C-alpha cells in the first residue's frame, strides 16, 4: 500500500450507464468497479472526473445524495475533455473520480421548511436535479416546490421524462417548462425564462435556486428583484476554471473566495460583494 | 544623457498635446538607482516622469503590438538596436505602420546591473556615469568601475548608431560602444568543442531554465497570437518542464521559430532570470544563415523575405551542415 | 465511441507468406476502439469489399484501416468501398504491409512484427482523421493553346471540333511554327507546306478557334477549370480587320536590310512584312525597330500605298484578359545555339549550315527558290557532309545530354533529296548511331544508303575549316576502320540539337507547371500520364515536353486535346480535399505561409476574428483558397504557431503515427 | 513459430541485440513511390524502418522529427524528391533549408546528427532506397540507442 | 548558542550532509542559488538574496503525483510514493523562512497537501542572518527580522565564526548530532552577535526601501482596489512572463497535467503555474480574466488584498525583493503598492 493518500489522487469508478439527453448532453452513471457509490455528497457539490492522458474537469453531481447506489453526472459537450467524454465514454469504461468538492445548497438548515423555487436553463438543471430529488425524497422537510426550466427546444431538455412524468406527480410540486421558439407539437410556454418567470407571478416568500447561462442568471435576478425577492433569498451556483478542487491551485478565485472550495453555491448578495470577475 | 532625456520629455509632450499621437512609449523613473521601467504615457503632464539614462535597456518595440490592437497611434523611443525590432514586427504584420511614430533615440550603451553586482556591490543607492566611469554608491561604500566593464553583453555586440526606421530623431547620434570582436566568436568557441562537451554545455545551460517565458515574451520576433507552447492542441504545449528533454526542446524550437526573424537584440539573454546563454542559440542560426544563404540581418528593413521562405536551386545540402564536428 | 474496423489482406501469398496475418488480426483486436478485425485473401476483390461492407453494418464501424498493398495502388478502391457503405472516404487509412513489409523482409517474425506496427500507426492516424468532402469548382468552357505550331494547331482543331471554344496564342506574326519552315517530311517525303497549310486554314477559319498572333502570355493566375490569362497582343501597326493581305506595302517598303526570321537569316525582308507566303493570318506587321517611320519619323510609304488604309502607326500593345478551363502548352523548340561549338566552323563559313537552314535552302519558296547552292558562292555544291549529333548526346557540358530524336531521320531525308535532285552531289553522313525506330523509318534510312548511295560513316567530326579554294576541309574519325579522315566538302550541314523554345521556363513559372533540368515540361507520369503536366489543367503537346517528330507531335496534341475536352465536358470539378486550412484565431498574419506557397493559394485578408480571450477583433489573417491549394504542406511548417494545418495530413495525424511507431 | 523460438533462446543466452527504431518520412510522389519500388523489386532492407507517408517532404515539421526522437526513435530519415523534381515544384527546396538549419543546430547542441538523415530518392530509385535504408540502419545500430533526446517519463 | 570557526565549516557541511540531503547557497556561473551540497560546492554565505527562493524544496516545480495504466476499458492508478528523504537547508534567510509560513497556510490547511507536508516535515531549516542586506530588500515591511532569521536553527556569520542557535526540537536534535564540531559560545560572542543584529537593522533602515510600509487599509477596500484606475497604467508594460511568480517565495499557483506515454501509460504531475499565463483561467467558452490587466491585477490583488483578507492581514509577500531584481521591465509589488496607496489615499 502506498504511503500517499493525497486528495489529488482519484478513485477509480466505472461507468454503468450512459443516457443521451440532448444532442450535446449525456448523463453518465458512475459506480465503484465492484458496485456501490464512490463517496457520499451533498446537493450542489462537485467532483473531478478524469480521463488519464486528457486531464481532469470538474462537474456538479447530478444525482441526489439520497441515491445510495451511484453518482450521476450530466455533461454537456463543450471543451476538449467533455468532447472526449461525449465521444468515447461507454458503459464499462473506468474513469478516475475524486470528490466531493465545494459547498452545497443548505438543504440541512436554511432551506428546511421553505417553499423553494428552482429556476434553470439548459444544462443548468444538472446541479438543481441533485437538490430536487433530495427534496422530493425528503418531501416532508420542505414546503412547496416550483421548477421553472427553459431550454432552446423540446429536444434540449435534460431528463425530459423525469420532468414530465415523475416530478409533476409529486405532492406540492409543479414543473413549468418553456422553450425559446415555437415548435410543432409543443403546447407549453414559449419564451425566455425571465419573461416566463414574471408571467408565473411567484410571491417573494420563496427561496430561489437559480442556475443557467450567465445572461439568464442576470435577467432572472433582475426579474426576481422586480417581483420583490431579496438577493439573499437567491442561491446560484458558479462555474470557473478549476483544477485542484481544494482551493490551492489558484485558478477559480473570485476575490478571496475559491469557487471550488468556498463555492460553487453562493447567494446573490454574496456575489455582489465579490469583485466582478466571473 | 540628461540633455537627451529633456529633449525626449519635450518631444513626448509636444506629440501628445498636439494630438499627433495618442500615447508615448518610453521609460519611467523607478525607485532604485537603476530600475527605470518601460511605461506608456498618455498625457503631457504624465511625461514629467519620463526618464532616459544608462538603465533603459528594454526594447519598447513589443508594446507596439498592443498599440496596433488598440488602434492607438503611438510614439515610441527607439535606441538604434531597438529599431530592428520594429521593422521585424512590421514585416510580420504584427504592427501597422500607421500606428507607429518612431523616434530614433541616441545611445552610448546600457549598463548591466548584474555585472555591477558581480563586483560585489550590494545595497546600491546611487549610480552616476561620467567620462567612461561608473560611480556606484552603496550603503557599504562607494566604488568606481570602468563603464565598458559593466556594459550589457548585448551592447558589446552593438550594431552601430544607425536607425533602421525613424520618423524623427532626438538630438545628434552618439557613438555607440565598439563591438567586441567577432559577433560569432562565442558560437565558434562552442562549435570548436568536442560533441560530448557541446552536449554537456547545453544540458547544463538549459537545465537552469525555469520556463518563465520571459525570453519569449520580450522578444520582438516572438509575436504569435498564441505561442505554439501555449496551444493545447500542439504537440509541444507545456508550461513546466517535467523531463530534461523538455526544456531542450523548448529552447531549440523557440530558437528555430525565430531563426530568420531574430534581430539579435539580445533581450532574451538579458531578461533570463537564470542567466541562460540564450543568445548563443540565436547567434548560431544567424551565423548559419549567413554562411549558407548569404548575409541577412532581420529587421534591417520591413520587406526582405526571411531566408526560410526563399531558396536557391544550389542551396547546401543538410548533410553538409551536420558534418562539421560530428559526434 | 469510435469503432474502427481493421482488414488484413493476404494478397494471395504476397503478404501471407511472410506476414502471419492471423497474428496481425489478433494483435490489433486488443487496441482500444478497434471493434472488428479480420483477414481475407484479397481485400481488393469483390469478396473482400463485401467483407468490409458487412462488417461495417454488423459492427457499426465508422473508420476503416486496411492492411494491404501500397495506398498508391488501392487507396482509391477502399475509399470508394467505404463510401458505398456511408463512411466518408477520408476515414480510411491503408497500412502498407506488402511493398513496405512482406516484400522487403524474408523473416516471418520480423515481417509480422513490422506489419503489426504499421497497422498500429494506421489505426493511430485514423482516429484523428476527419471526414473530408471534395469541394467543387466551375469549369470555364474554353481552352487556351499556347503555341501555333503543328502541335498547337492540331490540339486546337481537335478541341474546336469537339465543340469547345479555343484560343491560340502565337508569339510570331503567323501560325505554322517550325513545320512551316520545313521542305519535305520523312519518311514519306511529302511537302510540308502542302500538308500543313490546310490545317492552318482550318484553324484560322474555324468558328470555335480564335487566333492571337504576334501575342504572348503575360500572366496566368487561377487554377484548373478557371485560369485567368493575360495575353499581350503586340502592336502590329496594321489594322488586321481591314487589311486584305494584298502585300503592296511589303513590296514598297524602302527598308530592306532586315534579315528574315522565317528564312533564318538567309534572306532579308522589309520593315513591314508578311513572314512567309502562306502565312496566316495574312496580315503584315511593322517591325518598328527597323521601320524608318518609327525610327526617323520620315517615310510613311506603306501608309500611302495601302489601298485599304489600314496602316496604323499609333497602334498600342493590347492586354486581353480571358478565362480558360484548360491550357495546352505547345511552345515547340529552337535549335541549340552553336557558339560553343567553334570546331564546326558555323560562325566562320556561311557554307556550314544547320539542317533547318538547309530546309529553307531546298524549299521552293525559300531564299534560293529551291536551288541548292552554297551561300558563299551561289554555286551548286559538289559534295555535302552532314554531321549528326551536333550538341545532342553531349556530355561535355556544352550541349544537351539527350538525343534530339529527329535528326537521324531528317539526315537521311536531306541526304536523299540532295541525291535525288542532284545525283552528282556526293553526300556523306557522319553519325554516332543511326536510330530509326518507327514505322517505315529504318526502310527509309536503308533506301538512303542503298538506293541513293549516301555515304554513312560512323565517326565524329573534329573540325571544319575553310580551305584556300573557298571550300571546306572536314577532319573526322572513322570509328569502324579506326582511321582519321580529312575530307573536302562544299557544304556542311549540322544536325543541331533541339531545345525547348526560348521563354518556356518563364511560361512554366507562370503556369506553375514543372520542368526538368533541360527546360522540357515534365509530364504528370512518364508512362501513364504523358500529356498532362503535374499541375492540374495544364496539358502538353509537342516538342515542349521532349524531342519528337511530327506524327508523335500530332498524336500527342490529339491526346492532349482529348484530355482538355474531357475536362471541359465537366460542369464542375471535384477538388482534392486534403488541402491546407488556417485556424484564424491563432493566425498572426505574418504570412510566412503565403511566401512559400507555390500556387498562390494563400492570401491575406483583414477579418473580424474572435481572439483567444474570446474578444472580437479585426486583423489580418491568412486565408487558403481551397481550390488553388494542392496540399503540399509547405505552409504548415512555415507557420510558427501551427495555425496552418493540412487536412488529411494534420499535425495530430502525423504525430499519432510518429508516436505509434516509436 | 521458428522466429519466436530463436528469440527465446537468445534471451536466455545474452541480452537481445539492439534493434534501432527508425522513422522514415517519405514524400508521396517520389520517395514513397521509391519505397514501393524497392518492394516491387523485392529489394530487402531491415524491418526497423517504418515509413510515414507525407504529401511532400516540406510537410515534415522539424517538430515531428524532434518528437520522434523524444518518443524513442533512434534514427529519423527524411526522404523527398530530388531538388528540382518536387511534385509541388518548390517543396523540397524549403525542406532542404529547414533541415540544414535543424541539422546544424542539433550538431551545435552536441546531438549526434548521424541520427538524422535527409535523402532525395526518386520514384525510380527503388534499389537505392533499399540501399540507403540498409546503410542507415547499420549506422544507427553502430551508434546504439539514442539517449540524448529521449523523454523518459512513463519509461517504466 | 554555539559557534564554529570558518576552518571547520567544510566538516560541518559534511556532517550535515550525513544527516540528510544538504542544500545551501552555492555560487555557480557567477550566480548564487540553493544547490545540493557536494564536496566541490562553492558555498556563498555572503549573498543575501539567492536567485530563486527555496520554495521548490517543498513545493517542487514538477511533482509527479500518480501513474495511470489504462488497458482497454480498465484504468489503474498508482500514487507516487511520498518523499521520505530527510533534507537540511542551510543558510536560509529570514524572508524565505517567512515565505514558508505563508505557504504553510495554504498547503497545510485542510485538505492538506501531503507532498508538501512530507517534504516540509522531512526538512530541517537552518536560518542565517543577513550580514549584507541589499537595496532590493524590504522584509522589515512585514516585520520580518533579517537579524533573527528563525528556522529550526538560526545562525549568524560574524567575521570568521558562525554562531548557532537551535530554536525547535528538530533543531536541537540536529545540533546534538553535531556536538563534536560545535563549541559553546561565550557571553562575549553573544555580544558580537547582538552587535551584528543592531548593524543589520541599521543598514536595512538606510536602504532605499528601508522605510517602506504596505498599508493594511488595502485589504479593507477590496472593491475599491479592484476597481482602481491604476491597474491600466501599471499593467500596460507587463510582458506577462511569469518570472516574478516563479522566483517568488510565496506564489503557489499550480497546474495538474497529464503526460501520455506509450501503451496506455500516463503520468499525472503537478507543475508550477502562474496567474500571469494567458490560459490560466481559460475555459472552453471564455475566460473571466480576458487580458493583461486582469491577470496582472489578480496577482497583486492576491498578494495585497485577498490573502490578507483570508489570513488576518498577512500579505503574501516577504520582501525578498527577487521580483524587483528579475522583472525584465522593472515592474514589481513595491511600485504597485505605492501607486495603489496614492490612488486610494491610504
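As written, the chains take the letters A, B, C, D and E, and residue 1 is the first residue of each chain.
Operating definition for what follows: a contact is a pair of C-beta atoms (placed from the backbone, for glycine too) under 8 Å apart; a residue touches a chain by one contact, two chains touch by 3 or more.
Computed from a predicted structure; not experimentally measured.
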Count of contact steps on the shortest path from subunit A to subunit D: 2
Far-end chain from subunit C, centres as C-alpha averages: E
Which of A-C and B-D has more C-beta pairs touching across its chains: B-D
Centroid spacing, where centroids are CA-atom means, of subunit B and subunit E in whole angstrom: 30
Geometric centre distance via CA averages, subunit E-subunit C, whole Å: 72
Inter-chain centre distance, subunit A versus subunit E - centres from mean C-alpha coordinates, in Å: 40
Whole-Å separation of chain centres (CA-atom averages), subunit C against subunit D: 34
Multi-partner residues of subunit D (at least 2 other chains): 62-63, 67, 71-72, 84, 90, 94, 98, 153
Residues of subunit C touching at least two other chains: 596, 612, 638, 651, 655, 659, 662
Sequence positions of subunit E contacting 2 or more other chains: 255, 257, 259-260, 262, 266-267, 273, 278, 282, 285, 287
All pairs of touching chains, each written as two labels joined by a dash: A-C, A-E, B-C, B-D, B-E, C-D, C-E, D-E
Residues of subunit E defined as touching subunit C within the complex: 72, 262, 278, 282, 285-287, 290-291
Complex contact set, residues of subunit A against subunit E: 2-10, 12, 50, 52-56, 78-80, 82, 90, 92-96, 239-241, 243-244, 246, 248-256, 273, 275-278
In the complex, subunit B residues that touch subunit D: 187, 190-191, 193, 195-202, 235-236, 242-243, 245-246, 248-249, 252-253, 255-256, 259, 281, 284-285, 288-289, 292-293, 307-309, 311-313, 315-327
Residue ranges of subunit E touching subunit B (in the complex, touch as defined): 29-31, 48, 51-52, 61-62, 64, 132-136, 203, 206-209, 233, 236-237, 239-243, 245-247, 255, 257, 259, 267, 269, 271-274, 277-279, 292, 324, 326, 328-331, 334-335, 338
Parts of subunit E lying in touch with subunit A, wherever the complex brings them together: 65-66, 68, 70, 73-82, 84, 106-107, 111-115, 222-223, 226-227, 252-258, 260, 266, 268, 270, 273, 275, 280-285, 287-289, 294, 298, 301-302, 305-307, 309-310
